[in-house]
Structure formats: structure tokens, C-alpha cells
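In C-alpha cells below, several structures.
There are two complexes below, and they share chain A, which is joined by chain B in the first and by chain C in the second.
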Partner chain A sequence: MAEVHVIGQIMGATGFSESSLFCKWGVHTGAAWKLLSGVREGQTQVDTPQIGDMAYWSHPIDLHFATKGLQGWPRLHLQVWSQDSFGRCQLAGYGFCHVPSSPGTHQLDCPTWRPLGSWREQLARAFVGGGPQLLHGDAIYSGADRYRLHTTSGGTVHLELSLLLRHFDRYGVEC
Partner chain B sequence: MAAAAPSVFLLMVNGQVESAQFPEYDDLYCKYCFVYGQDWAPTAGLEEGISQITSKSQDARRALVWNFPIDVTFKSTNPYGCSDEVGEAQPETLSSDCLRRAEPGDWGSAVWPLNGSPPSITAVLPPVPSPLLLLQDPALSQGIPHGLTPALSFEGPQIVLSVYGPDVFGNDVVRGYGAVHVPLSPGRHKKTIPMFVPESTSKLQKFTSWFMGRRPEYTDPKVVAQGEGREVTRVRSQGFVTLLFNVVTKDMRKLGYDTGPPDTQGVSGPSPPQGLPR
Partner chain C sequence: MAEAIWSTDTGEAVYRSRDPVRNLRLRVHLQRITSSNYLHCQPAAQLGKDLIDLATFRPHPTASGHRPEEKEEEEVVIGWQEKLFSQFEVDLYQNEAACQNPLDHQYRHEILKLEDSGGRKNRRIFTYTDSDRYTNLEEHCQKMTTAASEMPSFLVERMANVRRRRQDKRGMEGGILKSRVVTWEPSEEFIRNNHVINTPLQTMYIMADLGPYGKLGYKKHEHVLCTLKVDSNGVITVKPDFTGSKGPYRIETEGEKQELWKYTIDNVSSLAQPEEEEREQRVFKDLYGRHKEYLNSLVGTDFEMTVPGALRLFVNGEVVSAQGYEYDNLYVHFFVELPTSSPRSLPRCEILWGHICLRPPWSLSCYSLLSSLTLSSCLLDNVAYFSYPFTFEASFLHEDESVGALPEWPVLYCEVLSLDFWQRYRVEGYGAVVLPATPGSHTLTVSTWRPLELSPVAELRRFFIGGSLELEDLSYVWIPGTFKGERLSRFGLRTETTGSVTFRLHCLQQSRAFMESSSLRKRMRNVLDRLEGFSQQSSIHNVLEAFRRARRRMQEARESLPQDLVSPSETSVS
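Let's turn to the complex of A and B:
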């Protein structure tokens, strides 16, 4: 079986209007992929940046996969949340990005979106907080049924991932 | 030498329709589909998709984020090797051996003298049964040596995008068409493609389309992937869509193709397009 190491960090996020951001992340793969070591999902710290626009998480990712097929190349899905001074959490953005398929170090910028909701919900979100969320998280990384949603743009999550590939050439796969 | 005698290559493409810039419009959604020649066939994943409707961000970027996944795998039967009869031949003598031994019927129009020029018509190739999605041990695969690969018209896959949004009456009208070739070299590719809409050619049509509130549209968006007939069309470009591709190929090198060094140009920049591409 061919192996993939994904090593890196969720660096942080920019472009969100909210402060005190954190990120829940997870990895989704196809059935041919097996996670040999590392954790599949996690949650970052909450950063309230005092200088600049970027919230820093510096959250480590270290995954080791083995695979029998190319289908279902791993994708990272992200949920950015903001925490207010009362400790309430509010959704700031969803996003996904494929783990790159070529070896080396990659700087990834993952744009995010969030459901917009009706004008009532938009108004309520602006004054009270809260706002609509997805019931099922799989809409973050899958394209099916996305057309039902009306969304708006959020900020951008920055990642740095290094890829090590092993034994792919043995199967004639060029990455 | 039983090793590695593939007859097809695979092109796995994943990525996303990331974002768009349409300064004049808001609340847009995007459809995509793939267009490819007859030597190509999708083997897994989705060939088309419809994104959500997205609204512009309220900040200075004014970006329309879709973050909509693309995930498709194509196989190409194009570079088909010799027939099974010469399967036991020594690899060193293959290219000449193939030519001499092959029956004309087996090859159709795909045979040409080594110093001649390739015929311009596409050969009729036998269907290729192969468990394409699994990484097979090459030592196990049945050998079809590939001495000669009749590289005919390539017609590699293109992605065709069409973006729609509501007009002042709330009807969905097209806000842009665009197409780009799927990169064939492995690696990460970011493409910013210009989006355009067709314009009416006559003053009368312009007036009626304004009066009726209906824009001209292509009946089949796939025409934007073709070069024919363009000289009679008038278009207006009014936005950009940013696409991200991760490309993995299988057995392309074994079939003698060189796709060049991995291309990662333009990837490390900020995500939404920074205005116009150079």
C-alpha cells in the first residue's frame, strides 16, 4: 500500500469580522484510505489577537495514511467559530480544502462561507448573535445538495502542510 | 519483463471552485461540467455540480466564496499499445516488431510507418477492461507492451463553468461562461479564468432582449470549450472565477509521456483573485 504523511499546522485566520476565533477541524477520506497514526479531528485554541488582523492558532497536524486507491484523497474540513465575552460561540465560517497531492511544503489558503439565512435571521445575528448553522457537517466538504444553500463569504484560514509520499511510484502514480 | 505494461492512463483531478469576482453582481451560483474527447472517459467522481448561492463578503475584498468541491477521475484510452499477440516479445524489439506483426485490421488507422506522419483520424480502439481505481501491483498486471503509442488528437478534458444570478426581477440569468483545460501535469494548480456572456449582435435583438428582460444565453454552455464558430460571437467579459486543481496521474510516464516538472505557479498567493490576472 502507498503511504502519505501529512505534517503541518493550521496557522490561523484572516479576514473575519469577529475576534476571538477558534477552529474545529477534521479529515475526511475515501474508503480505500486508512489512518495509521495521528488524530482525525480536533479543535484549536481561541486567539484574541492584540496586534494585526490575523488570529494565530499554530495548531499542529500530523497524519499518516495508507491507501489502496486514489479515490477519496484526504480533505480537511474546517469550522471557524468566534467566542464572545460571555463564552457564547457563534459560527464564523465553514471551509474545506484538499490535502495537496504533490510532495513538498504547501501554503494553503482556504476561503470560508457561512449560511446566510432569512433577513430576520440576519438581523438577529447582527444584534443578538447566533445565526444559522449546518445540521450535517458533510455539506462542508461535499458538493451534493449545496444548491439548497444561500451563503455569504467569511474570512480565510491559512494552513501550511508538508507532504511525504511513499511507494506511489511503485504503482505508476505520478504526484 | 512482466512489469508495467499499462494500456490506459488515469488523470485524477480534485480541487475546488474556490471563489469569484463579479464587481457588478451579487447572489451568484456556479455550475460546472467537464467536456472531453471520445478517447476520455470518467471513471469515478462527479462530472458536474451546482454550487450554493453565495453573497459577497462585506469587507473590502468583495469576494464571492463557493469553496465548492471538484473530484473526478478520467481514464484515457488514447495511448493504446500493441495487441496481445505480441505480448511475449522482448521490449527492446517492440516498436519495430509491433509494426511488422500487427494485422492491419487490428490496428485500424492507428498504424503508420515510423518515419511517416500520424493519420489525423482517431483509431477505433477496443474497450479496456481494467480495475482502474485500485493501485494494482504492477507485477500482477497482464502485460500489453507499448512499443508504439499512436498519439492522435488529444482532446483532454476541459472544465466548463457557468455562473448565474438574479436580475432585478429575480429571474436567474447568466452572468458568465468560461472554460479551461484541466492541467495534465501532476501538482497543484490555481487558475483564474475570465467569465463572459454573449451579446446580441443586432440592434433589434439588443432592444428586444432589454425590453423583455432576457439576456442571450448559450443553449449548451459546452460551446465555450470549442474554438469553432467563435468568429461570429460577440461577448462581454465581466468577472473572474478562481479554480484550484490537484492533479495526480497514473501510468502516464510509463506510456512515454513527459508532463514536465510539477507546476505550482501562482498557488501561494492570496486566495480570492487579486483583480485581474497579468
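Let's turn to the complex of A and C:
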């Protein structure tokens, strides 16, 4: 079996129109993968940038997988939410990123999108807040029903991931 | 014979030790330099019996103040935090009124006991341990510069406070799950402990009282010989370093008589027994070995392998964005086409596993979500983000052994369309790119074009009503499927450049051929090692070394035997 170490951090996000942001993240893998150590999902703190645009989380990701095959390579899915002064949470964007497959350090910029509702819902969102959300979170990382969606872009989430691969050359995999 | 050169390097040295610091032993040798012992360096024992013993010519102590040798030289072995009293302290603590805290009383008690049992062993060399007043004062008021007005700064005050509270040993507590992460009202003590990063140190000073003989016990004659600092992680800082092969250090006293003293510091801590060390190492090896086995058992040894002779291409990708398009509300239609077999006997490709839907015979296509152009303020040009994941796997079977046949790599086609409010759609662009042949992460930008018609009517129609020219066969973008012959001519097609689409692809390749080459490389490396004779050379060296040792042992044995046994021929003859 081959092993993959994913070590990195979710640095922060830029380009969102809302300011107090937090991020819920998770890693989804196929059936042949087993998580040996690390937490598979989490939520960052709420950050409000004082100067500039970027909200910094610096949230650590440290995972160790063992795998029997190449299918189901891990994918990272993100949901960025904003929290206002009343404590209500509003969706700012869904994002997705494949975990890279070549060893080394990668800087990843993950753009996000959120579902648009009708013009009535858009108006309501501008004044009161709220807005449509996905019913099933797995639509973020699977592409099957995506064509049903009408979306608009959110900001970008910046990640820095380092990848260590082990024993892949024993099974003839070049990466 | 000249003395060893003085060592002027009094910088500190940092050591690390895993053993507890109570095993540390230092030997300090202090000697005053006088003209007599500067020149006189050979001990009398080595001279032959016939010559006069030079010891008789040594100068006797006279009344002018030459001191006997014993008082000018001192050697002490000191352990960690071993308290040796100076003359000053002995005088001070014998007086009950001078004892202010329990430590002073304890010293007094010890001094009285020492006096009863015959005086202390050390004369000039003494120590200040961690709990002495000197240590705290020294740390607080130590001057670093020559400025007369140097006062301890704010940070020094804070550090001193933290160090004085060394009694509560706070380890590295990284409590992960604390119920309250933020302390809203920190107390003074909390601030003091947490705002200054400091590992607790234990200090010890080895001092020497270099006053004139008979006038020991004055504070002004105290000099620091050595400073030892040990922290809880086993880091030992010795300033100045052990002398070892360097020459001794020297101190020049000030005052009316400028005297020169030299001293050496040696590490005489006893080493661990080799059996104990071996046992320790075995325990560690067992522990780590067992942990490794446990991890291995979790991981297992099987892995999905390819059929021999096949190359498997595995691509995780995403459609990232599209930029530079005229209209809003874009969507991307893309698919990957694998080259098919043809009468020219090109190798055949097969899909083994597709993600969304298969369109026969060998392609794989996906639809992506709709996305509108972003309206956020930070982006200047028109970019629409999709962030759409796809993944596919293709396998290439090398069937025929024709040498010149290079595999044709799959091609990624994309088509960008826009959908407007009235559900009309327009073609925005066509593009295609070959998948990268090397494994790794690639960001590909596909520039797109759309076909134009000569007359302006088509453009007006596209603007007002919608609808545009479309390609019937999408493979025309790259190499049309119906292409035969040698030269591809697109003459007559008018196009206009539109924007571009960005893809990010992570490619992996798997094949048994890679396995063989890497194991071959490892085998070759072993053969090369053997050819170079590296191991042979080391074995020859071992044999020679053993021979030399045996020879030396024989020679020593010969010397130790009495003379008549060694030369048996003479005795037998006589």
C-alpha cells in the first residue's frame, strides 16, 4: 500500500464582499483510501481583516492516508461563511480543490461560487441576508448535478499544501 | 620547554545531554603563575638515580613572601549544584545575626558542621549555586556595555521575575481542548508568566578568591572562573568552555600586586557503562520497531496494479475559470477524446472507468455548471469561476510492437457557450489542448475562437436574436476524425479570437515498466558498490587492523617477560 501525507494550511481568503469570514473544510476520498491520522474536517475561526482585504485563518491541515489504488484521490471541499454582528451566518461561497498528486509544496487558489436565487431572493439577500444554500453538500465536489445550478462567483481561498508520497514507485506510479 | 599557549577564547560552548545533570562532574585546577613555577616544569621523578635530585635545589619558603607551593595551587572536583563555601561566607554565616532566610540558616548549619569536622577542603575555589543571592543579583544587574548609566530594561525586570519563581516547574503543557480559549481578564501573574518566553534555567557559578595569601575572604577579590547553565531540555551551557587541548585560561588580578593566575576546567563526568548504553539502545530499537510494525499492519501491502504492458493515465482536474468573453452567464462543455484505432494501425486506447457519461466509442464527456461573470470589485477583467472537478482514467495498451509508433496522447476539447435571460444560447468559443505527457500538476490555458461569417447580417442576428454558427463536428477543432492525407488545411474558415479557459490538471501515470526500471536501478546500485570494492576494502582494512593489534600485544608481552626467558638461546648454550 502506498501512503500520502498532506501537510499544509488554509491561509485565508480574498475577494469576498463580506468581512467576518470563517471556513468549513473537509477532505473526501474514495473507498480505497484509509485515513491513518489527522482530522478529516474542521472549521476555522472567524476573522475580520482590519487592514486590507485578506482574511487570514492559517488553519493547519495534517493528514496521513494509506491507499490501495489511485481512484478516489482526496479532494478538499470548502464552504466559506460570514458571521455578522448579530451572530447569524450567511453563505459566502462553496469551493473545491483536488489535492495535488505531485510531491512538493503547492500554492493553491481555490475560487468559490454560491447559488443565485431569483431576483427577489437576490434583493432580499442584499438587504436582509440569507440566500439559497445547497441541500446536499456533496454537490460541491461531485459534478453530476451541477448543470442544474445557476451561480455567481465569490472570492478565492488560498491554500498552501505540501505533499509527501511514499511507496508509489514500488507499484510503478510516476508522479 | 615552553608552556602551553594561553587560551584567550572564553566564549561559551553549548552541549546537549540526555543524562540527568546530577551526573555532571567538573575538575577545576587553579594555579598562580610565579617565576619559579613558570620555568620549572619537569618533575624530578624522571631523572636517573645517579644524578642529584633537583628537588633539593628548590627554593625554600622565605620570609619575603614566597608562599609554599601548596597554597598557590588548588584542584577541586565539583558536582552540579554542589555548594563550596568561600572564606567570606564562612566568616559571614558563623554570625547568627547575618542569617536572614532559611537558606542562610542552612548554610550556617553546614559551615559549623564543617568546622567541627576539620575545616573545608577547598580554599580559594568556591561555588555559588542557583539559590544564592549572587545568582539573582548577577542576572539582574549584569552590565553588557561600558555605559555608566546602564539600567536593567523592562524586559530584564520581567525575565528576572519569572526566573525567581523557578520553584513551580511548568512543563510544556499544550492542552489542546481547552474549554475557554481566550482569557478575557488576565491577572498580573498570568501576564508575567505568559508574556515572556523563558525556559527555566538553573545556574551555577564557580568562583575563585584570588586575594593575597592570608587575606582571603574579601568580596573584591572574587572572580568568576566558570558559569554553568542547565535548562530542562538537557542543554548545558559552559562559559568558558572546557579547556581540553586548549591552553589554560588566565586571570590578571588588579590592585597593587598584579598577579597572574591560570586555571583549567575539565569534564570528568563518568560515562555510562557500555552495557547500560547497549541496553538503552536495544529498548529504543524495540519500541520504534514495534511502532513501525503497527503502522505497517494498518497500511497493508496490496495495491492495484496494471496489466503488464499497459500505461494507465490518471487525471484529477478541474475547470477553473473562463475569462475574456463578451457575454455573461457562461458554461463550458468539454470532453476528452482518446485517439481511436485506424487502418494505419495506431495503438488502441480504451477507457476503463469514466466519471460522468460515456459517448461511444472512446470518449468521455462532462457538463459543467452554469456560472455568471463575477461582479465583485476586486477583479478587473471579466472572469467567471467554475471550480468544477472532474477525474478520469485512461489506459493505453501497447499491443503491436512496431518501433516507430508513438502513442497519441488524448486531447481535451472545450466549448464555451453563453446562456442569457431569455434562454437563448450563443457559442462563445471552441478550443482544444493535448493533455500533458508528464505526470505532475499542470495549469493549462486554452484559448478559444469562434467561427465568423463574412456578412454582417450574421453578427446582427447573433446580437439581437441569438444563435450563431456552430461546428457540426467538434473534433474539427483539433484533427478532424475524417482527416485523411498529409496536410490539414483550414483555408476558408473565418474565426474570431475570444477569451480563454483555464484548466488545472494533476496527472499520474502507472505502469509496470516504471516498477522494473526503478528496481533495476536499485539492483544496479548494489552491483556498482560491489564492483567498486567498497566492501572488499573495508574487510581488508579490518584484517590488517586485527593483525596490527595482535602484533602489538605480542610485543608488550615480550617486554613484560624477564630477560632470560626472552633469549632462550643464550641460556641453553651456557
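Convention: the second predicted complex is superposed on the first by the 175 of 175 C-alpha atoms of A that agree within 3 Å, B and C clash if a C-alpha of one lies under 4 Å from a C-alpha of the other, contacts with A are read in each partner's own complex, and residues count from 1 in each chain.
Basically, contacts are C-beta pairs under 8 Å (C-beta built on N, C-alpha and C of every residue); 3 or more make two chains touch, one makes a residue touch a chain.
Note that the structure is predicted; figures quoted are calculated from it, not measured.
Enquirer: Quick one: on chain A, after the overlay, do chain B and chain C clash, or do they fit? Just give me the call.
Expert: When both complexes are placed onto chain A, chain B and chain C end up clashing with one another.
Enquirer: Using the superposition on chain A described above, determine whether A:Leu135 touches chain B (first), chain C (second), both, or neither.
Expert: It touches nothing on chain B or chain C.
Enquirer: Going by the contact rule set out at the top, does A:His106 touch chain B (first), chain C (second), both, or neither?
Expert: both
Enquirer: Touch check for A:Ala66: first (chain B), second (chain C), both, or neither?
Expert: In the superposition, A:Ala66 touches chain C alone.
Enquirer: Which holds for A:Arg75: it touches chain B only (first), chain C only (second), both, or neither?
Expert: both
Enquirer: One more residue to check, A:Phe96. First (chain B), second (chain C), both or neither?
Expert: After superposition on chain A, A:Phe96 lies in contact with both partners, chain B and chain C.
Enquirer: For A:Glu3, decide between first (touching chain B), second (touching chain C), both and neither.
Expert: A:Glu3 sits against chain C, while chain B stays out of touch.
Enquirer: Tell me the contact category for A:Ile51 with respect to chain B and chain C: first, second, both or neither.
Expert: After superposing on A, A:Ile51 lies clear of both chain B and chain C.
Enquirer: Quick one: classify A:Ala31 as touching chain B (first), chain C (second), both or neither.
Expert: Neither partner.
Enquirer: Counting contacts the way the document defines them, which residues of chain A are shared by the two interfaces, the one with chain B and the one with chain C?
Expert: 1-2, 15, 17, 32, 67-71, 73, 75, 95-98, 100-102, 106, 110-113, 116, 141-143, 146-154, 170-175
Enquirer: Which stretch or stretches of chain C touch chain A in the complex?
Expert: 295, 298-306, 312, 314, 316-318, 320-321, 329, 331, 353, 355-356, 366-379, 383-391, 393, 439-441, 504, 506-516, 518
Enquirer: What does chain B use to touch chain A in their complex?
Expert: Per the stated touch rule, the residues are 4, 6, 10, 12, 14-16, 18-19, 27, 29, 44-46, 49-59, 61, 63-71, 73, 133-138, 186-188, 244, 246-254, 259, 262, 264, 267-268, 270-272.
Enquirer: Contact residues on chain A for chain C in the complex?
Expert: Touch list, chain A to chain C: 1-3, 14-17, 32, 34, 36, 53, 66-71, 73, 75, 95-98, 100-102, 106, 110-113, 116, 141-144, 146-155, 169-175.
Enquirer: Considering the complex alone, what residue numbers of chain A touch chain B?
Expert: 1-2, 15, 17, 32, 67-71, 73, 75, 94-98, 100-102, 104, 106-107, 109-113, 116, 141-143, 146-154, 156, 170-175
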